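What follows is a set of structures to go through.
Note that chain A is present in both complexes that follow, paired respectively with chain B and with chain C.
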Partner chain A sequence: MIAVELRKLFRRPRTWVTIGLLNALPVLVAVLMALTDLAPRPGEGPAFLSAVLTNGTLYPLAALAIVLPLFLPIAVSLIAGDAVAGEAQAGTLRYLLARPAGRTRLLVAKLVSVFAFVLVTVVVVAAVGYVVGRLFFEVQPVGGTALSGTSLTSADIVERTVLAIGYVAVSMLGVAAFALFFSTLTDSPLAAMLGALAVLIASSLLFTLDAASSIAPYLPTRYWLAFVDFFRDPILWRDIVRGLGLQAVYVVVLLGAAWANFTTKDVTS
Partner chain B sequence: MTGNAAVIATRGLVKRFGAVRAVDGIDLDVREGDVYGFLGANGSGKTTTVRMLLGLVLPTAGTVQLLGGPMPKAARRVLPRVGALIEGPAAYGHLSGRANLALLDAAGPGGSRRTRRARVGTVLEQVGLAGVGRRPVKAYSLGMRQRLGLAGALLRRPELLILDEPTNGLDPQGIHEIRDLLLELHRSGTTVFLSSHLLAEVEQLCSRVGVLDRGRLVLQDELARLTAPTGATVVETPDPQRVRAALDGRVLSLDGTRAVVRGADPAEVNAALVAAGVPVTGLALQRPSLEEVVLAAAGTSADRVDAGEGRARR
Partner chain C sequence: MVAVLLALPALIGALPASDAAAPAGELRARALASVDVPFSGYAQSAGGLSLPVGNQLTSAADLLSDRTTMRAWYRSADDWRVDVVSATGETGVHRDAAGTWTWQYEQDAAARTEELPLALPSAPDLLPRALGRRLLSEAADDELSRIGAARVAGRDALGLRVVPTDEAASVSRVDVWVDAARGVPLRVQVYGGQTDGGGPALDTSFLGLDLGTPAASVTAFTPPPGADVRFDQQQEDLLDTARRAVAVPLPATLAGLDRRVLPGAPGAVGVYGRGVTLLAVAPLPGRAAAGLRVTLNRAPESVIDGRGVRIAAGPLGLMLVDGGRGGSWLLAGTVSLDALAAAAAGLPPTRGDR
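Let's look at the complex of A and B:
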């Protein structure tokens, strides 16, 4: 069943179009910066972008930082929101369940395929970022500079980039869990996707509001940018650990709710 | 027929959506070897019942036994032996029909991977789509999609076919073809449960009939018994008034060139009329049509909601 879902996901042209479009913005940014040689000042614009002119190996991280606030969540909610509601809208859900695929099995297979999409997407963004960084920017032969000013070796940067990619993927799992839960509630993939995005936008907005500071630590987007902390020396683990814990709670609770809803609902689509 | 094993048996099946009772206490009895016609107007609860049989909709009350197993509990054991077409076909538009069938087959138990290619080829041939090639389903016509849906139902040589409006979207030749296919499958031992609002289709195919009206099963019997002779003879004659004179007291009704006469033996009626010199152009035993039987049992259309009735149904 998992193999079937993976085949469905990755044989669908839309999946690759989404991933392709997702990479367009970081590439455009790189081209513009390489042509004009203008970088945002440190502390402004997306993380790492100010550093890439001097060190192209940081571009995978800059690329992730560029797509993280909006593009990546849109792509993830699109695919995860479509997971169950898309089958319902197409009418294929009733045939899968009458096959019988088994509701729990189907949900698990959808979950795995959505997670696979998150992982592939994040890795592709990082990989394209790497290639673009190499092509357009100078590459320092030995290491780079941590955000805190001390220098890092190339091996350090590779290791920490991998960790950061993993962290961003986990953050996106939270988004996927929201969209997948909504996807079991409605027969409209669009509604599921917009529902997940609405949660994220609300979360980002509340995060900037002083009056909401008491709930800020529990907002799903609160620790998204903590992947930057992998590039402090030493690594600043506090927010990273909190971010991982928070996403884990969201993922477990939402998937539990998705399972409880999907296994007991009337399929009338 | 009644000696055969029960294939579908429901007991007091009820489905309530909010305040509306879509299905209201029905006891279906479909036996091995039946071609069962499940009749009912649009909105009478046919589709909800079919979905409950397959475990898609969960009953509010009552039980479903499918091939001897309780649904939805035994779904994993029982459903691989059932082929279904539910409220129109559905497929992934960007894939070919062949790829769609292969994916569907791989999505559940009971479809061996080794024989998959061959089985997909066979059912495509059976439904008349063998030559369709790699064309994506989104380029199919409605009739082709219907055939593909039927192919999906036949993929694992099911013992029971549950078909909801299987000839929807087909042209007359297509309907004829599918009818022949269903009869052939029935001859080779498949039990067919056919849900339809097309009386003619059911009359031509089915051996047993159940009629659903506003969620209630108002009739369930052998088709032959429902349309059995009424004990009267229909006489065609250019001069019906003379029939009344010749067979006084036996005439049940006169209408144009037709007279309905009491008596289950047309030969005897004919002899009496000829003896009296009444010209007879046609003679037949009177049989109620399925339409008459259904209309008598089911009342008005279920789409129709008269004032005050909306509340009464709740």
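Let's look at the complex of A and C:
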């Protein structure tokens, strides 16, 4: 059943259109920056973007930083929100459940396909970023500079970029878990997607408020930008570890709720 | 399960700290003796002091008004590193025997500064260890008291309170939490002035601390290839300007505070007071004073009278005094507005720009 769901997801043109659109913004930013040779001023703009003019190997990270706040969560919640509610809306959920496979297996298959989408999307954004960075910007053969001012070899940069990609993917799993949970609550994929986005926007907003600092450590978006910490020297693990733990809690709790809800739900459509 | 997970941090935070019957004087001695304790730590400081200084002195003003996150590695008094960590970059100060390197990632620039007798406050001064030791160093015994214990950065910390007795003081009290085992100040809270909700005007605390010697490679610094490397002259120039200025003899006391002797500092600059009550006085050239005067005059909270313009942000006071013949005096420190006015009355006329 997992193979069926994966095939279904990656054969849909919509999946690839989503991934394509997601890559359009980093590519546009790269083209504009290469043409004008203007980098954002220090402290402004997404992480790493001011550094790519001198070192194109950092563009995969800049691309992730560009899509991370909004575009990536939209894409993930679009697909995850559609997982169960989409079948319900199309009237196919009944038929899927009529098979002897069972609801838990269906949910697991949906879950695996959503997680696969998250991973593929993040890797594609980074890969496109790599190609764009090589094409449009100078590439330093010796490596680059860490945020702390120490030199990194090319191997270091590759290793830390892979870690950062993994971290961003884990951060997106929390988004997927929200959307999947909402997807089991409603028959409307749009409602599920908007529900997940509403949570994230509320979380991002609360994070900027000093008055909400007591709940800040529990906000799902709190540690998203910690992927930057892989490029400090020594690596600052504090926020990374907390981010992974926090996402794990959200994923476990929300998937548990999704499972409890879906297995006991009265499916009518 | 969710409730248990949510309650966990609060429960751990509420673990009682074990108190020890250390008297205040002994605890202070231990804190001051902790200068040789090496450590690696992660600290955060939050300040609610917004001084309207415009474009001048922004880095110093930002330190006191923002939340600053720092990583620190300390091997000895002249071998340490403090990084100010931001979401998209980092500013690292690396200290070695001859001076400091300041690395700014987003500017891709490294600046070398020689050791100076007087310098503007920077992030390393905000670490609880440095600030705590500084504020405790000159406190008199009758200003000190014990205030129980707390857990800071997962360690037992013993509380020490300083209530300054100077009449000019604007700081109402300073709470320093000192590590029970090794004496390192772990948290410093400075209260005073009008702050919202009675919270501290400045609160700096370790969130994580490891008392082991960090590797030498961590504190060392070599400018990376391609970086913009320069010799930072800004503070040196400021000092030179002050040295060149014809030193007007400053009085031995101002607003009831005694003048301090600072070896190597220019004679035109005077520092008065002790402990947490300090007042710095310096002549300002006409151009610099004009810009600051405009900014201060515009600030709604400032008090303008015949002597000049003065303003307070929490316990910090700032005053610009017209010294006559185009010159001005700048007064800044942790003294009350009344003390600033009294100090201004005691100042001699400046000799102008030349």
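A few notes on this one:
Just so it is clear, the second predicted complex is superposed on the first by the 269 of 269 C-alpha atoms of A that agree within 3 Å, B and C clash if a C-alpha of one lies under 4 Å from a C-alpha of the other, contacts with A are read in each partner's own complex, and residues count from 1 in each chain.
Here is the rule we use: contacts are C-beta pairs under 8 Å (C-beta built on N, C-alpha and C of every residue); 3 or more make two chains touch, one makes a residue touch a chain.
Since the structure is predicted, the reported quantities are computational estimates derived from the model, not experimental observations.
Of the two partner chains placed by superposition, only chain B is touched by A:Val267; chain C is not. After overlaying the two complexes on the shared chain, residue contacts for A:Pro46 are found with chain C alone; chain B is out of touch. When the two complexes are overlaid on their common chain A, residue A:Pro234 makes contact with chain C while staying clear of chain B.
Of the two partner chains, chain B is the only one that A:Arg7 touches; chain C does not reach it.
In the overlay built on the shared chain, the residue A:Pro100 is in contact with chain B alone; chain C does not reach it.
When the two structures are aligned on the shared chain, A:Met172 is found in touch with neither chain B nor chain C.
In the overlay built on the shared chain, the residue A:Ala90 is in contact with chain B alone; chain C does not reach it. In the superposed model, A:Val249 lies in contact with chain C only, and not with chain B.
Residues of chain A that touch chain C in their complex: 42-43, 45-48, 50-51, 54, 140, 142, 145, 147-151, 217-218, 225, 228, 232, 234, 236, 238, 249, 253. Remark: chain A residues 1, 3-4, 7-8, 11-13, 90-92, 94-102, 264, 266-268 touch chain B in the complex.
By the touch criterion given at the top, residues 1-2, 5-6, 9, 42, 71, 83, 85-90, 92, 103-108, 110, 208, 218, 221, 223-227 of chain C touch chain A in their complex. Residue ranges on chain B touching chain A, taken from their complex, read 51, 54-58, 75-76, 79-80, 82, 84, 86-95, 103-104, 106-109, 152.
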